[in-house]
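Down below are the structures I want you to see.
Paired with chain B in one complex and with chain C in the other, chain A is shared by the two complexes that follow.
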Partner chain A sequence: MPILEHTGRQGLDVGPGEIVSVLGAPGSGKTELALELAFLKVPSHGEVLLRGINPLAQRRFFQLSSRPHDVTLLVQNAEDQLFARTVYDDVAFGPRHLGVAEDEVERRVIAALEAVGLGVGVRARSPFALSGGERRRVALAGVLAMEPVVLVLDEPTANLDPQARNEFLRFLAPLRGKSAIVWLTDSAREATLADRIYLLQNGMLQPVPAREALLTDWRRLAEAGIELPAVFQLARALDERGLILPPEGTPEAMRQAIINAWCESHAG
Partner chain B sequence: MLGSTPRFLSYQAGESILHRLDARTKLLGTAVVVADALIASIPAGMAVAYALGLLIGLGAIHLLPALWRTLRPLLVLIALFGVLIVIITPGHALFRVGFIVASRPGLDLAIQLGLQSFLIIYTSSLLTLTTPPLAIAGALDWTLGFLRHLRFPVQDVIAMVAIGLTFVPLLIEETRKVIVAQRARGADLGMNAMLDENAMAALLIPLLLANLRRGEELAESMDARLYGVGERTSLHERHFRRDDLLAATVLAVFTATDVVISFWLHP
Partner chain C sequence: MIAIEDATYRYGPGDEPAVRDVSVSVAPGEMVGIVGPNGSGKSTLSRLMKGLIVPEAGRVTVDGRDTRDDALGVRRLVGLVFQNPDSQIVNSVVEDEVAFGPENLGLPASEIRRRVDQALDTVGLRGRERAESHAQSMADKQRIALAAVLAMEPRYLILDEPTAWMEPAKRTHLLERIREWQQETGGGLVVVTHRMDEARACDRLYGMLHGRVDVEGFPDRVLGDAEVRRRLALDVPEAYALAESLRAAGLPVQPGQSVDVLAEELCPS
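Let's look at the complex of A and B:
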């Protein structure tokens, strides 16, 4: 049974402990989908169900919001939302709002900062004294420390340095296998890190049948406006110039195919 | 709460009479209505001022429902201040509930201030709803131009006003973004957040920082494009037309009536 389910936009579901990625070109509506999945916006079509029920429909009188606190969202450019005096207090903001006891808060903050690769030294520093990339990691630690049942990430690696980008999955370690994670991204390579992939096009979701198929089905990606790995961009350009290439294949296979086709056309 | 914030004060494109009037007419007209509201006696003078306000509103009648929705929350605020004024103003007691005394002069004052402030906000909202920020800035430039002879930096101040007005919708957008982000982190930014210093910090600090950053970037990009080098000229020429003359006549007639009634007939 999925822990979180979107019944609109042709459907999305994510099971406990599963990482699902949503791949969409810029402007395909990722942020709106993220807000819907985190119960911060009512979807225009369908509804979002947490453990099979729509918490927003359960709203009672006198209650300001019935937003479930075990679903959380790391917004785009989350480093802009830091505000506390110290890194520690900022990371502790979420857990404290959940009513977690202070010694448990401390354990979670330390674990979360460790997971995102920030040492003991930064704890007492002001978040504004850190670099942009470090601040992003503090913001991520803030949602990790909430230990959410569902974590939605809205382009978490945008504007990060290449190394942090490559390591990003490792930052999520404390939640791996425990929390359901929905990762919205415009990078096909990042999307393949997830267990399952959805393609977002014009606000509609389509599951990608097999994870391995994503990169091989490059014509479909190109149609959805996704930036392709360099080898496929080359393949596409050669394709347009009449070089006969296999319709799909892994990047390595495609590379070999290009070399073979090139050699053949020049040998004759 | 989210998504329902009206675009308070921001320009709505349209084709109404108010849209067609010269920005200078509207700016000076707003100042005249404000003056009318301030000198008006209760009730007769105020009735004249409100009639003028209503007449102006008819010039952009399609905007009135949206304007009413925007101003409705302000009525609550005005009413709350009114109650406060009734209570704290000393004077002949109308009635008392326990130790709270409602005074007659307090009630008069509350009614006067309430009516005045509503009319002023209503008229200035009509100005900003029907006039693009740059046109308001241009009108300010024309109106306050004489200060240049006193070595007052009119142009710069007006540029600041224009930028400020232009950025109001962006500020609202920014506020929404911060609210969403902090709610995602478990913060409850409802009415009770107003009393919670921590919740207010979570909202205000990111907002303030974003604005400082934007201001700095804007200043740099303006410098990069040589703002302030040479004399500034205006792209659009301004013309008073017959509509403006008509509007000025209406304003003059109502103001004269207001003055006569408020100072001599029913002071």
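Let's look at the complex of A and C:
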């Protein structure tokens, strides 16, 4: 049984230990979906179920204080919401708030800071005395240290340098295999790092069956406003210039198709 | 010209320098890119150039004005758009936000109107004058912040990861509009970015590492060097790798081009 399920928008589910990505262009409704999944907003269609139950259903009024603590959201501008005196206290705030014992808090904070690539040297620093990317890493460490049952990440790689972006799964190491993670992104390249992918278009979700298959439907993605890998961008540009290319294929297949089509059109 | 000469800066007395012995120049009409890992000193350079902070050693001048002696003069010449749009917007109506700076300069109403219209035009927000600025998406807040800076008609424009929240097509389009702004005004442009395609579009790049200028040169040289990329935590622009593989297969493409140029080389229109 999935741990978290959205029954509206054509549906989404995620199981323990699983990472699913939601791929959508800006303006496709990612942030709204993230709020719904984290019980911060009542869905306009369907409901969100945690372990098969809608925790908001019994309540007559929507109250932030009554939302389940098992689900944690990293908001889009999370680096602006750091507030504690030190980086350590900021990352420790979540687990302390949950009543975690102090030695366990310490273990989690250290593990989380390590996972996001911040040395222990920053522990005593003020979170305001950091670069943009470093603040984003602290914010991320804060949600990791909570060890939530479900973690929802809204565009978590903004402000990270390219290497961190490519290795983002390593940042999630403390939760891997335990928490269910929903990762909302506008990058096809990032989305393919997840176990499963949903495409979000005009607020509606569509599962993309296999990772490879995501890239097979490149026209659909481009129309949804998603940045394609370079080979598909080139395929689109050549298609517009009249070169005959297959409608789908993996990046490698498409690269080969471009070479073949070009050679054919220049033969003789 | 903006000139940072052998500058060292630390945020607190006991801190490691955030930048040390850095020299950077930006000429009018030039688009200079700054790349490098998180925490390498890129935003610190932006703040030095804008005169928000002054170096403890070395100096920073903008068209001959030293930021130590004439911080106000420098701040008029240099516009800076930060990473984070939320912290930059103070007015709740879009056009008020954009008019705010020119109004403080005491400009006549007609001139303010002209500048606001033009700035909103450049960033693609014409028609949204009366919108509520804090209710906009991150991407649109970034445009508002940019328009507010453009309305000050700076001689130099520094964009510190200005497009982080924008979708690719809009990002490219906005940078093109800023390039046009630059060509019309002859201004200097500095772009701090983690996006290799933006870096590639610059005239010249500085690669920062641990507070020092690690490498400086044409984008092709900097980004084309695998050792530099590894050291600075950079990506290969995807189009580079693609061009190389097509070239290896015998197709007539030059290395180091954008996808659009590749398409033109393969199928001239």
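Here, the second predicted complex is superposed on the first by the 261 of 268 C-alpha atoms of A that agree within 3 Å, B and C clash if a C-alpha of one lies under 4 Å from a C-alpha of the other, contacts with A are read in each partner's own complex, and residues count from 1 in each chain.
By our rule, contacts are C-beta pairs under 8 Å (C-beta built on N, C-alpha and C of every residue); 3 or more make two chains touch, one makes a residue touch a chain.
Because the structure is a prediction, the values reported are computed rather than measured.
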Room on chain A for both chain B and chain C (clash or fit)
clash
After lining up the shared chain so the two structures overlap, which partner does A:Lys41 touch, if you call chain B first and chain C second: first, second, both or neither?
first
A:Asp80 contacts which: chain B (first), chain C (second), both, neither?
both
Which of chain B and chain C A:Asp186 touches, first, second, both or neither
second
In the superposed arrangement, does A:Ala164 touch chain B (first), chain C (second), both or neither?
second
Once the two complexes are aligned on chain A, which partner has more residues of chain A within touching range, chain B or chain C?
C
First, second, both or neither for A:His97, with chain B first and chain C second:
first
Who does A:Met146 touch here: chain B (first), chain C (second), both, or neither?
first
Following superposition on the C-alpha atoms of chain A, which segment of chain B from the set 93-101, 129-137 or 219-227 overlaps chain C?
219-227
Considering each complex separately, which residues of chain A are in contact with chain B in the first and with chain C in the second?
80
Touching residues of chain C toward chain A in the complex: what are they?
11-12, 36-39, 42-43, 83-84, 86-87, 137-139, 161, 164-170, 194, 196, 233-235, 238-239, 241-242, 245-246, 249-251, 259-260, 262-263, 266-267, 269
Chain B touches which residues of chain A in the complex?
35, 38, 40-41, 64-65, 67, 69, 72-75, 78, 80-84, 93-94, 97-98, 128, 142-143, 146
Interface with chain C, chain A side, in the complex: residues 25-27, 76-77, 79-80, 129-134, 137, 155, 158-166, 186, 225, 227, 229-231, 233-234, 237-238, 241-243, 255, 258-259, 262-263
Listed in rising order, the residues of chain B that touch chain A in the complex are 2-3, 177-178, 180-188, 190-191, 201-202, 204-206, 209-210
